[in-house]
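Heads up, the next two complexes both have chain A, just with different partners, chain B and then chain C.
So, the complex of A and B:
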């Protein structure tokens, strides 16, 4: 029937199904590996490692969840409901901590707050103390320290979702509440907070997925989370079934967090039928305005400015000391960039395949299978890097065994194609970040009216021909944004890279990790600074999208 | 020979509890050069017919032939790009990233560049937009966008042009202007066209043949005059033009037979046999439209002269012109 089409629709559907299967592979392998039973150590794991790590992880999640909810909602309400000098600046500066990965904020504060570091040193000088033992500050190398540090870099997830809600939903409801006699001061508790609950749930779920993914901060701060346990069980003890069992325990938490996010999103969709109109902010003057600005600056300072300035300062100091950066570091930076570029190309291409397959299926009114493929393909965003890596080990080993056999039959030297290769890293990055590209391709396609497809088809283009002539040009902004996000996330990725990288292969993130693990703050600062600088790019993108979005709201009103 | 022939075509959408039948055993034929119209309220299945002809909906039963070629049956669905069908969409579906010129040339991609340029220029001249060739769709007015859409659809010389509610996005003045203009272009280019609309004035202005649709079926097919003067059944009678269907006995005609009474069948006449009560009257430019009530409460539509000033509740007398009344057996 579709003989004239160079790529028949069935080929797109098959490709999308393969992508979805590739995502399911690690999950199934995880269950299978875990079922193999630990190599005699399960009783040890069951008694000592797992319960402790699980308790620690849950405590960390509860703490971070509470902190990001308070910081995120509070800051969103501050810049939405009040107007004061600097509000505009603050409303996008609130996003800046997103540029600082969890392991870097820990890395920076560990040195900053070290007993011999600048903060405690100045405090001692101020108080006239000489012995570091005379000044006892709470140690940030603790669960409490981890909660505070993670909370201050992850709150923007909650800030983003609740601020969007306040910008689009709240105005008429708040006004209705005022008319019904709610005092202005009581609005937040009686109306805004209940209204924002779904948005808060979504933001908290995303922040906690990030917390669960974190390996660097927990490790540096000596917090024995499940993620750290997976890593040490595999890397140090080479106990794959044991690591898989811990990873499965993490998956349970992941499922709970996804359920929380879905729940929140369902309510959001329900609420978003109203006409969008932003809250009319209340103008503050004098001391109140200053207080609001200072209060709003706290999370920005703690989550971004202090660590960023520290890294910049240390980098300059090192440069002055050494005069140059080592060629090793340049090589590592290059590694990181090309690996991220390769992963970005693959991820964006596959995301487009999955989203396009859904578009074609929708045109035939048979979208169920294609929609399922897309859903499955987007699961990776919720998988902590360590869990994904453990899940990938078994399928990759199986693949290598098969390929080796094939090579032997062809009379060639068998070798590992995936295990311990950069292909393994690209595969892991692709699965982990496919949700970004598939999600934005789908959202971009959804904005293109189906009539354009029909127009292109009735004007003689095949379904694949119209992808090139119509949809790709129109999708370019969405795909470019997705590519930027994937690229930056890949550059920052630590846990999966640590587990799957080839011998002696370093990226900026692993280099920094090794630096911090040794307790030696050397060229790791450059790596950290570079990662933060690159991490600023998507924040700028987000901030600009936010501004134009708010701007269009204003012209529409 | 027919340029378009639909033979007992059925189309259904998948839905919970079995498919929902949108088009039910529908027959339709258009001769070359004719402009046909599917007229009906929203949800009557008219757009589905159009989409099935274009190749966007599979058939459950029946067949569609375009220019003598079988393009669709339950076992065959020729892809849209192979049907030689042009389509003009309700919101025009102009490609926002392409200029007017590129939009019009979109369906000509296989021709050599020189021929594309010549054809695009010809089409833009036909619709009177030669000087806007380099503009982008968002820079054009609604009427100009519509003309670009028409030029784009006609450029590949389709055997058949489909138009989905071509005027729905325009204001009322532009509508009337463009309806006659569009018909002029279609006739000048000898295009066979099938148009879908819910607006009978558009249908009358544009079409040679009009098919009135309801619930996936065609109730009557004919020229506008025929539909107005001789509606085939009560639904068409109520749908087309002003008027009321009621029992002939109430008007002193054959009992057991319903008749359609249009305003022009009633002549204001103080000596007339039909005594009614005025319910309301409204100014209508050249005259006044009135709703009047028979003693039994049945309502009729009538016209009153401009200077008539009876108040609601007043008693009026009309003479009935019984010969012209369409009649329906009960």
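So, the complex of A and C:
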């Protein structure tokens, strides 16, 4: 299709610019709101809120960052460098925690670890104690609790990106290092880790942005982050300009940190002209094999199996108590699936457009504008979902005002086209999660050596034809991973959905929230279970796609 | 501005970007909630048919749907009017502002006096006149100008371990050092607590409230987090002995099915209605759930009908028996469990005074590091 329909490169750049402009819309609206001014905000914030909130946020980010880096990279290395019974199963089971929203995990663990829960209950039975007052364990409603929970739920972001790196890149370099005499034990530290650094950085950045913008779990666990301060300023003090100021200040810091990390590895190039092939895993036997399997199971158990079994258990208990499940849930699950699928298609397509525009510009050695487009397109992920939604209201209202005039000219009754429609939701999801797809596509493209482009060009391919024939097949793993992340993130998305959705429209997340909002988490347990089940679909799809990775690489090489 | 570049765009755009528009339009459901159009899955087809016959109205609510739905169902059964709802948590005023005069909202419903009065102050409501509403709702529980109406009362009470020898309490007692490490409470920034703290400021002034708040903070047994029900749960779990929560949660827990977790939590506590100490006060802090008619309501008449229905004996009794709240209308029977909490002497402080002090209360919470 592409080869028969050559597209001028300029068109890609225009498209990428339009995407970036769409992202600027809500940001400018927020900046405008922030500029309305807020009296005495910063002196109050500076004296009473920021010192504590900044420290808490920093501790949370450092803790979660370290944990996801260790868990994600470690598990990716484990299933890439070693072979043991259960490895294949484990290699996709590692992704499962993605399916569980963090606030559900927080709720499940509070229930399990509460003095009234099964863990402390059995402990008391074991120690022969009767009164819960005789045994007090550390409360999960704490900074430490939040770090552990978020770390075990968010590590798949790192696992996913790092594993892809080990699968496609590592073999030749690792073998060369072996030939040069690097000991097997040192390979991981001296070769694999530096090699995986961009992948780890991308994964950790995604996990940390999720952490930073999380509000459900933080509120539930009583961790006072900066995002909670944004909420307090906006909701409790009705000070939207102040909230926008804090949110934008946070955005600037986040962007600066990400830029710093990129700057740190600006001289490193990772493209390989070698045929990409996975590491030859070392076969483990007996006790070591068992140990490897058990070690690999830990994150899956903590991040997925325990909360999922808890939800299942609670669902059964509810079913016995209530006797029925709301028949609406099926329709709501369908809403969730098609909305997430549509948002995923749009988000991945636009992410590819932005990344491809950069690739073309790089080939001409004039990447500035295209790189800026890509960075701007990624900003939506650095804002809390609600803040982005607030920012979107103004541009959407402007669009509706324009469309209303148009309708009036056509002799029709003006009405809201975008506001309160599912299109508004797709737009919000796309802007929010574009960073995932654009980042994945960019990282995937960076691994494809520019020499391939030159070869394709010299064989007469147009730039667009080259994308279809050469790059897309090579990008498939990266795009599949991005699609998975966007799908599950969209499905779990709550704050923007609550604010922008149409009337009489529910997703699983809003349905669950309706019960959670009045403190009746357990009544939302079916919706929670369905979120996990629907989230499993793309994980399984990706696992199956993983089987064909090798095939697509073979044909491409 | 958005459309002009598209027209001149080269063909690539049609591939990569205009395809997006097509997808969006394909997914676009009309925002005017005519349920006869593509009825979203999960939307009642029967409701759609009734809408065409008897009219409809649109409700924007920050109130949990589980608590409103029984009332709306009863309303529809009685009037044939279909109620389309969207449950918005945060950003209701922002959404209304953006929707402007195109907004389909007819009735705005919130759970906090502050939120309701914010809508009035933001110009999102309109004045209505209804002798039915005026007769049912005491004057201090509605706007003089007909811009807002309270529909139910929510008293903020003390949950205490059932075995404690305690049968009266003042809010001021919460700071008493004898409760050190024994108090559970949700986030100080939650509207329910902010409302209580704002009332404290109105009674005793900012400085005294700050001292009090520091005392309460020092008495906390765990982080100020979670919800009101966790207070009962943590009392049963031995984490704390007393805590502050809304009364209707206790009503719900104590009415939960025998053998359920909730019931065990509810049975572990007794409810004491604290009062503010000091001359001339002596009442229990009460917040409201309420509603207003939206400024640009396309179905304003139906909106008034819903409001009037919500203060009918039938609806008020649903508030009392299904939600365990206090009816605004005198003479409506309470839920027996709620009745067992004893008489409710409402703090006579006007709601508007509470609402005015919210910002100061919230800043105090930050200042004493209540949630840290």
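As a convention for this text, the second predicted complex is superposed on the first by the 319 of 557 C-alpha atoms of A that agree within 3 Å, B and C clash if a C-alpha of one lies under 4 Å from a C-alpha of the other, contacts with A are read in each partner's own complex, and residues count from 1 in each chain.
Operating definition for what follows: a contact is a pair of C-beta atoms (placed from the backbone, for glycine too) under 8 Å apart; a residue touches a chain by one contact, two chains touch by 3 or more.
Everything numeric here is computed off the predicted structure, so don't read it as measured data.
Visitor: First (chain B), second (chain C), both or neither: which does A:350 touch?
Guide: It touches chain C, and chain B stays clear.
Visitor: Which partner does A:470 contact after superposing on A: first (chain B), second (chain C), both, neither?
Guide: Only chain B is touched by A:470; chain C is not.
Visitor: First (chain B), second (chain C), both or neither: which does A:114 touch?
Guide: A:114: touches chain C, not chain B.
Visitor: Taking the superposition as given, does A:411 touch the first partner, chain B, the second, chain C, both, or neither?
Guide: So A:411 meets neither chain B nor chain C here.
Visitor: For A:454, decide between first (touching chain B), second (touching chain C), both and neither.
Guide: first
Visitor: Among the partners chain B and chain C, which is in contact with a greater number of residues of chain A?
Guide: On the superposition, C touches more of the residues of chain A.
Visitor: When the two structures are overlaid on chain A, which partner does A:332 contact: first (chain B), second (chain C), both, or neither?
Guide: It touches chain C, and chain B stays clear.
Visitor: For A:287, decide between first (touching chain B), second (touching chain C), both and neither.
Guide: The answer is neither, since A:287 touches no partner chain.
Visitor: Would you tell me the residues on chain A in contact with chain B in one complex that are also in contact with chain C in the other?
Guide: Touching chain B and chain C on chain A: residues 5.
Visitor: Under the definition above, what is the set of chain B residues touching chain A in their complex?
Guide: For this pair, the touching residues of chain B are 13-14, 51, 54-56, 76-83, 85-87, 89-91, 93-97, 106-107, 109-110, 152-153, 156, 162.
Visitor: Can you list the chain A residues touching chain B in their complex?
Guide: So the residues of chain A touching chain B come out as 1-2, 4-5, 363, 365-366, 449, 451-452, 454-463, 469-470, 473-474.
Visitor: For the complex, give me every residue of chain A touching chain C.
Guide: Its residues touching chain C are 5, 7-8, 10-12, 14-15, 18-19, 44, 47-49, 52, 56, 110, 114-116, 131-133, 136, 139, 141-142, 219-222, 224, 228, 231-232, 234-240, 321, 328, 330-332, 334-335, 338-339, 342, 345-346, 349-350, 353, 386, 389-390, 393-394, 396-397, 399-402, 404, 414-423, 426-427, 464, 495, 498-506, 510, 513-515, 517-520, 522-523.
Visitor: Give the list of chain C residues in touch with chain A in this complex.
Guide: Touch residues, chain C against chain A: 1-3, 5, 9-13, 15-17, 19-20, 23-25, 27-33, 35, 40-43, 58, 64-67, 84-91, 94-95, 97-100, 102-104, 114, 118, 187, 189-191, 194, 222-230, 233-234, 236-239, 249, 257, 260-262, 264, 358-359, 362-363, 366-367, 369, 371-372.
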